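So, here come the structures, one by one.
Next, two complexes with chain A in common: one pairs it with chain B, the other with chain C.
Coming up: the complex of A and B.
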């Protein structure tokens, strides 16, 4: 029985079928980027265990890749593999195992986001690209602000968010991936507070350019038994944050991209864009920064293809913003990835294996034809 | 065979000698450096690019005029140039909109013919400019294109008018002030550099009524009037041939007209502008000797420029590359090889096949020399644009074909090499028709290390994959033609599998290298971007074929069919993902390519499955007849 399972799991046929399914996923996942954008497509087809098409569930990228990993590992237990003639094949497959293990680690443990810094200012936070959070900030104390942060995973309709130190409860009424504000034409209901007194927060179709999506949230504040109880709405990137007063304490509420706080800060001294002379084609972008740790600044130059690596984080020159008044803002991509060395090692191993295999088999394949 | 190798070696040697005859000493007018598209190139390339943009070809064919001569004639005889029919209009709708008549065979129009129509359509053109490029229809984008071309042409025509001998003075005092003989023709530039007290004198004239002007004052007034007329050309800044001043940090070169905007002209700039003026004069008078003197003094001016040095050997290399047209010549030899192979099949003497082999070798050498020169001129690895991928895949396939031919000696390699080499040259010419093929790169591609490793490897992968597919075709055809020659079939099958392994090596390694580059510059190894997915699909497909063979799911016929279909995957990854116009890799143009892709896909499906089932049915018949 055990043998049979190993035989099935290690069969090259299983590998072929997984490959076929993976190819279908890749094609569908690529073409659908046209309509739903890269991030949504990646979530649905590649970073998922299952996805459904209509009522039928299908295995997603993670299941297929995991199956391929199992297939590769169990192949190693085959008796007839361990022959000197197959040394190349063995090495290639070991490299393949490493590549998939690395992919798994990256999928589970890596995080990426962006850091937006204006010239002359500094930052120690990384904003996630996609995941949002609801921040309730108690600003009543002069000396410090107290943050209560609820992550996007909690934004399910009807979910209650509470904290012992918060004087009120929050009930999620609606969360929208992409929303827009429209002015109200008729007077709002009396239960609405803040922005929703004058505007209506409306769900719109996800933009395929993920950067253009502005998530929105509608939630109910209750339990304070004051005027502040009621329904509130927030939209990502709104210029004036919502505030409420409860029993003399003042709270700011904000829907923001998930923030990670770094043990160091980055100060942008100068952002530079160099064009090929006389053209609109950019030759290079670079950010001249100070890496500030324990109040000691260290000058660093981050360029295209030349990132800064520090404490497990890597900072890349990703983009920039130019204001009409000429102020420049750099956008750095910040990535933490424990699996990043795996592709490097596995590519070397796989290449060596393939080369060995070719050395063994090529003379036979290119024999002079006998006439 | 020995004789033939001698011949081919001698031809290769002569090409190399021809190339090394490029001495850095001689400096031609077509070598004059000019800044265009972010780099310094010879005037010859500039002229060809303009001719291509206006006329649609790299020379003015119907007048049998080279691009550089056409350009220089424009400078010396602007009025004639405005009447020269150099604008190629492809769309009768545009022609009618400009108030012209569409003739059936010759759609060339002159500036003077086009300009009145353009002027009338200005409101419409302005409206089109308001629209985004993607929203414009064919008529609108062509109208805008012709408008821009006409404006650019006007600018080029006027760009050296400041150096043309247009004025003469007869008053002896004035002539002495301007350092000329009375009656001698002089240029705007000459007057400006010797203007001295001219403008102070002119102050006196303005305050007097015209009737009281003396003869010499009248002449000054006329000269000033003419100067002003000419200076209306000072918008013409297209010809960036003057190296910047030594204090300039922007790296921007200047056009002659820009020198006369009141700035301080540095010695090297003065020397260049004066030499160019005397060159134009000598050309005007058809005086070859004076032209050469002027050019050598032009070169002295360039050398005395203290900024970033001008690389004269690169300029002459590029000019030589333009003239030699290596890829067209290489195509000729590939086609010749194909014809000779055909002859050898029909009348069977081995000698024709050997000559065909040599012809492919010569074509391959020209092809490689062209790629090598492009690398030297741009000082970067061979592949950085879509055009270059096409040229490089061509050379890779021909090289493998040559190796296969060398081993097999049965014409198979010549057949594959000549067909694919020629086809890819044609595709390349299609891309070259878009403009200068030596382009500067956007920031993220500006990394010679990764261009050399990832890009080259992946393109080698494309080439070898296509090669495996071609052998797949041949295998299926041979299976129909000689189903019983199992030795031959087996050897072709083995070759195909060998090439597939090489292809797998390059595509796999190239894709992973691409991931590593992405990790280095964007922070993620893999982002499911369309181009990445395309490359991945090739790898997966080839992995699938290799494992299908291993597990017995694919017998030789099916394997051959699989590699034929792999061609579709390769072409989709190579060109198709650009059609999605999303993702970080959309570096190529996609317009017009969709139809070709669909045709190619249909062709591969029909021929692949067609030959596969034909071979199968034939096999069945032969088995039955054996029974």
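Coming up: the complex of A and C.
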């Protein structure tokens, strides 16, 4: 049975079928962007293991790429491949494996977010574009804040979130990709706390433009055995967040985009924009920044087509905000992609492999043409 | 060779299935940050708030929310069918003038610009603890989901702009509360 599976997984037919399915996924994913938006489409068709149309499940991009990787690696261990005249094929396979490993690294480890910095201020945090997290912040200490942060993948209904240093438990009751607040028309139950005494958090249809979605979460605090035990709700963008007091410690609860703290900071010294003559349309804009590492500032200019690359991050000039009073704020897109170089290197390897294969096969081709 | 093939299968499964960068539980410390907790009082009763030396009586049910950095304060303002967005902005001097600001707001709901005389004709006067203000209601019958009611409160060296963006139904429901809120603004 095991051998049959191995044989199936190393069959060249599997690779071809996977490739055809990938092409179908690309077409379906591209078309569905119009209705559900870019990020939702990417999640559904490419970053998923399975997705369903009605009751029928289909393999998603990740499972197909994993199959292709297994297939390529398995084929490389076939004994009849390891011959000198097949050196080109071996190298092409290696290049393909490298491309798929790079794709996996990008899918799993890459991150994209934004840094919003006002002129004269600095920041060392990147806010993810899509991933949300629940932050429980203990603000009781005079010198520092303690963060207990739970990622979005843990927001499954009924899931318990715990940390050994937290004196209470959190149970997720509902998580909404896009939510709105509606006032209560009748008195709330006694179990509700914070804003849920006056409002209900209602799930609404996900917007195509992911930036317009406001995630919401409803959760239960328990185990403190105080008045703070109860059901709470949070909505993204609620800057003055819910608070609870337990055993003399004050906690702030916030639903925020996943924050990544950088080992360096960026200070915006000056933001410049050039408009198209006679219009309010920006022609180009740039950020004159200080890259501060170990308290040593280094001046850098980030322009629209000249990103800053540092410590594995690439900072692109993405946008800007200008207040009517003239204060300028830059918006930098921060991208970290460990698999960035893999497509280039694997393409070169595959080209070399194809070239070698052609050279090795040439004598036979000539022989055939002479005959 | 078969053993390598089995290992490759296991490795690939672990590689693709085992990781998820949003399945994290983190603990860390940061330097103290101001969370504006003093502003986050219970919204069960009207209460007086003090922000940037400005005071007002916060109506029942209004929730402080996150706004743009240039805003002095922002609130989610509930009504029977949804929530409106109220912002308070202070700008130095006359800051572009009444005409420019009102026409900018009109543009936000696709209304054509009007003259200063027309603006003054359609506005209503009010009186706050800091002086007189004018209220402007902007409604576009082609878009019932977005209407604006705004107040402009000029003081000595600053002008305060209080703007509520809400649906037409919300505007009808919240108009009197908005006027009362503007009247409560003082320093």
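The rule is simple: the second predicted complex is superposed on the first by the 279 of 371 C-alpha atoms of A that agree within 3 Å, B and C clash if a C-alpha of one lies under 4 Å from a C-alpha of the other, contacts with A are read in each partner's own complex, and residues count from 1 in each chain.
Going forward, contacts are C-beta pairs under 8 Å (C-beta built on N, C-alpha and C of every residue); 3 or more make two chains touch, one makes a residue touch a chain.
Quick caveat, the model's predicted, so the values are computed rather than measured.
A.B. asks: Who does A:335 touch here: chain B (first), chain C (second), both, or neither?
C.D. replies: first
A.B. asks: Figure out whether A:78 sits in contact with chain B (first) or chain C (second), or with both, or with neither.
C.D. replies: In the superposition, A:78 contacts chain C only.
A.B. asks: Under the stated touch criterion, which partner chain does A:111 make contact with: chain B (first), chain C (second), both, or neither?
C.D. replies: Touch partner of A:111: chain C, not chain B.
A.B. asks: Looking at A:219 after the superposition, I want to know if it touches chain B, chain C, both of them or none. Which is it: first, second, both, neither?
C.D. replies: A:219: touches no partner chain.
A.B. asks: Would you check which partner chain A:152 touches, where first means chain B only, second means chain C only, and both and neither mean what they say?
C.D. replies: second
A.B. asks: Taking the two structures together, which residues of chain A meet both chain B and chain C?
C.D. replies: none
A.B. asks: List the residues on chain B that touch chain A in their complex, please.
C.D. replies: Listed in rising order, the residues of chain B that touch chain A are 35-39, 240, 250-253, 404, 407-410, 440-444, 446-447, 450, 487-488, 491, 494-495, 497-498, 501-502, 504-505, 508-509, 512-513, 515-516, 519-530, 533-534, 536-537, 540-541, 543-544, 547-548, 550-551, 553, 577, 580, 582-583.
A.B. asks: Spell out the residues on chain A that touch chain C in their complex, using ranges where they run on.
C.D. replies: 2-3, 6, 9-10, 49, 62-63, 65-66, 69-70, 73-74, 77-79, 101, 104, 108-109, 111, 118, 131, 133, 137, 139, 142-154, 161, 163, 165, 180-183, 185, 195, 197-199, 237-243, 250, 252, 258, 261, 321, 323-325, 327, 329
A.B. asks: Under the touch definition given earlier, write down the residues of chain A that touch chain B in their complex.
C.D. replies: 11-13, 15-16, 19-20, 22-23, 26-27, 29-31, 33-34, 38, 41-42, 46, 99, 103, 106, 110, 112, 208, 275-279, 281-285, 304-305, 307, 314, 316, 318, 333-335, 337, 340, 343-344, 346-347, 350-351, 354-355, 357-358, 361-362, 364-370
A.B. asks: Write out the stretch or stretches of chain C touching chain A in their complex.
C.D. replies: Residues in contact with chain A: 1-2, 4-6, 8-9, 12-13, 15-17, 19-33, 35-37, 39-40, 43-44, 61, 63-70, 74, 76, 78-80, 82-83, 91-92, 95-96.
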